[in-house]
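Two complexes, one shared chain (chain A), two partners (chain B, chain C).
Up next is the complex of A and B:
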């Protein structure tokens, strides 16, 4: 009986293992292999293995510049998400009660499960020259200068913050609402001002949620390509868009693979730094 | 211990008490107005936030009903873009692909994921740690990297591109979420009932169908809806794994945005948006968001 139980256990996990092996493990391994190729393995031309692709990354300023841009974009978007999302989570967890809290929380999350592409598309309508902001402005102040910011770096930041701020609100809210009220009352009755209570009790206890939010936002933003492409125009060239080009326009897959692995390295460093905080959060069964 | 509460002169004590009461009342009312003030600011802030989240979406929806093809104001109501949409063969075919893919992906991901969640919470076998590690990449690695690596692997291993490749990808991206949601449901009740069922002579299959399945059903339903949403909205992997001529709605929308906008995209986007939101509203009936995720 004992043996058969073990085999049932193996049998039940086997499909998930095989599936993830084919779609995650093997592809990443093959891409790693690919990133050392000198050219696409097509036709009869000989393919040699070298560090050429990685070398071009480190020799050409262009790629280093792009990587820096992507990291800065990730940092800025994450910063604004904290700035906007944390207070919202604080208000939701501490001030709003009952039905309203559930309703507002649902309203915040609702668009975040709908199509990211469509939400970015929606911003093009608002931000472009002669877009909604411009036209409303001209109705209010005739002759006002146009302030369309579509196809610029700020547009990319606005679109990405809009896409990712619900993550921050959700993760911060979860850790904020778990704080025991009696701790805060104790802080207040011991003479702590609101600021002291926030700084010494609320902020430290909600820090894990904040950090989870930071990681959950930073990683996809560093790897984003669709948002900079649609909203950024010529200012939207990022590491992600260049990787996309290697696979869809230029067909230099080895270079694309090498760039992808560089990006993966950045992600891995971030995950490793955040691991002590994430460990207790991402528990699966 | 000396007695501090020793009675002093009557009148002075009374007056002091009155003063104290008055001060307390004043303090109390000040605290109340401050609390009211804070509440007002808080609600105001949340309203601004919701406006930031929803105004672009509402404008996008409204422009789908605007007659001008350049999104010009003043607004004139018209259904012309929805009529054009009805005649757009390419978008309809892409839409059909999206639905077929989402349904297939939901079924496969829910079954495979529930099996894995069952094994991970009820059968203590080795290898769970490895599976847990394999579950992380779909959640923690940018989809761009996963998608391009799948493109390389599928292209050179003979799996190729197409709907079947997209199905492989969509299920992989949904699996971690299904396992987390169903696994959380498993954690919420003890294995006692299943053990009792086994003791009473039921075989594992009977135990699963008669005891386990009814208990985890809400979790499974929520997981299935999540899986559907993930697949239906999936753009990145579909984009890289779509061969020419076979597309899904998000891929087709991306192509149209890059070519130049027409309000037809607003119309189809509005439809997708409404479907997604209805689905999630439905999920929220099974699954509480305030809790674990």
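Up next is the complex of A and C:
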């Protein structure tokens, strides 16, 4: 009986896994294959297979510099997402009740309803010199200097934080609202001030959600190209935009693929290094 | 240790009175049970003492000082929650050490005190376990140890044994009482389980709709319930409604609607007023003879009855019988040589001192 039920479970979930396997691994495998080519397989020139595309990553400082920039961007955006998202989730999960909570949660996921590209271009309207922010500022203080930050690094960070902070709010919210009220009451009744209760009970118990949010944000931000390209101008050159260039402008897919996999490898190494620290924290959940 | 004084505490939620002018005094080292159905206000009172609920009006004094408006963590209470509320990310040791470490106790002292209290609750050697690795009874003991370790002034127990199975609950009741005596701490228990309240409490208060109906020793409340609510809530009972005929020679008589006269040696309202009487099932004898065995039958209340249904429970049998005035429940120890069958004509009888007169 037990065995047959297990097999029914496998049978029912198999299509999903097969579908995922095909859609995720097949394109990746094709790209992996591309990354070893010496040049685009077009025309009559002969394509050879080598590690030369990967080698160029290590031979040119340019790529290492950009990788570092992308990782720093990922770290900074993730940091601001935690800074904004966690307190928002905390208030939402522990203070706001009933209808209001539903309404605010809806607002949090509202950005998902609109196209990402449109959201980014909307930011250009807001952030550019003499944009919405500047106009409001000039309304309040006539003659104030422009604080438009479009085509700068801060604009990229603002745009990315805006795109990704809902993930942080949602993952933190889920783990925060799962904390039983009685645990917090116990923490207080046993002599813990609000700060102590937060530090010793709420934060450790919500850490799994926080870490999931961090991973969920850090990885795509490191490889992001849309926000840096549209909002960053010259300051927006990241490894992500360079990879995009290889596919859309330069038409050097093998190099683009090799850079992608290198970035994937670096992110994997970062997560692997962090894993021992995370494992102990997350074990509780 | 400490006394707790509840003075005229009222808590309203909109139009609803969760607590309505409740005044109670909990004596030093007393084990006090708050008893009542859900929504009667007993939990609200406990949570007011803990500081999770701020009274709309009134004061809560601990050792004479009003604590009703200071935050929970400054109140120096220990609380055991219904679901234990053990911190899942901490070991047993860390859980019990929490109240000490938030009070900035030195780690050497924390270690010795946690180990001592683990021994007290018979969990020595369990310090490195996680709460979820423990059984329900063990979790319960950890929760108790955690609440006691900082030697708080008051111990608050919110249905602490509700999640345990019957055998374990009875065992833990005895243990809880022993530990409470040993530590000598003023303890306030919320429960809807009358047996638990009886076993544990020095005194109890019965709550109904935000008000205290009756306060007293468990046996006193049981033997002398003040009104129908406390009679019925605290144990099962039989009710009779009739009209007072007044008291003569120390014996009062009440006439039931069918003309039957019931005697009581308790105070009765003046002749002609309607009264409600109650008799506990175990005070009533059931027999075939005219009088209860070994008595002359004088002064006994004796009613003819028909057995509706015997309910056999091993150590005892509870008979549902019909009498002219009403249906009666009669509890009998399973010591008799024969039992009565459904449909059998019998007599039921009880002494006048067991006819309790209730307030209407």
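As a working rule, the second predicted complex is superposed on the first by the 242 of 285 C-alpha atoms of A that agree within 3 Å, B and C clash if a C-alpha of one lies under 4 Å from a C-alpha of the other, contacts with A are read in each partner's own complex, and residues count from 1 in each chain.
Note that in this section contacts are C-beta pairs under 8 Å (C-beta built on N, C-alpha and C of every residue); 3 or more make two chains touch, one makes a residue touch a chain.
None of these values were measured; they are calculated from a predicted model.
When the shared chain is aligned, no partner comes close enough to touch A:156: not chain B, not chain C. In the superposition on chain A, contact of A:13 is made with chain B only, not with chain C. Residue contacts after overlaying the shared chain place A:188 against chain C, while chain B stays out of touching range. Between chain B and chain C, the partner in contact with more residues of chain A is B. Of the two partner chains, neither chain B nor chain C is touched by A:255. Once the two complexes are overlaid on the shared chain, A:210 sits clear of chain B and of chain C alike. In the superposed model, A:177 makes contact with chain B only, not with chain C. Touch criterion met: A:27 reaches chain B, while chain C stays clear of it. The contact surfaces that chain B and chain C form on chain A in the two complexes overlap at residues 284. Only residues 50-52, 71-73, 75-79, 81-83, 85-89, 98-99, 102-103, 146-147, 150, 156 of chain C touch chain A when the two sit together in their complex.
Residues 5-6, 8-10, 12-13, 15-17, 19-28, 30-31, 34, 41, 84, 87-88, 91-92, 95-96, 101-102, 104-111, 113-119, 121-126, 130-132, 135, 162, 165-166, 170, 173-174, 177, 219-220, 222-226, 229-230, 240, 243-244, 247-248, 253, 256-257, 260, 263-264, 267, 271, 282, 284-285 of chain A touch chain B in their complex. Taken in their complex, chain B has these residues touching chain A: 38-39, 42-43, 45-46, 49-50, 52-57, 59-60, 63, 70-73, 112-113, 115-121, 123-125, 127-128, 130-132, 134-146, 148-154, 156-157, 168-169, 171-172, 175-176, 179-180, 183, 186-187, 204, 229, 233, 235-236, 240, 250, 253-254, 257-258, 261, 265-266, 269, 272-273, 276-277, 279-281, 284, 289-293.
By the touch criterion stated above, chain A contacts chain C in their complex at residues 180, 182-183, 185-194, 196, 200-201, 204-205, 284.
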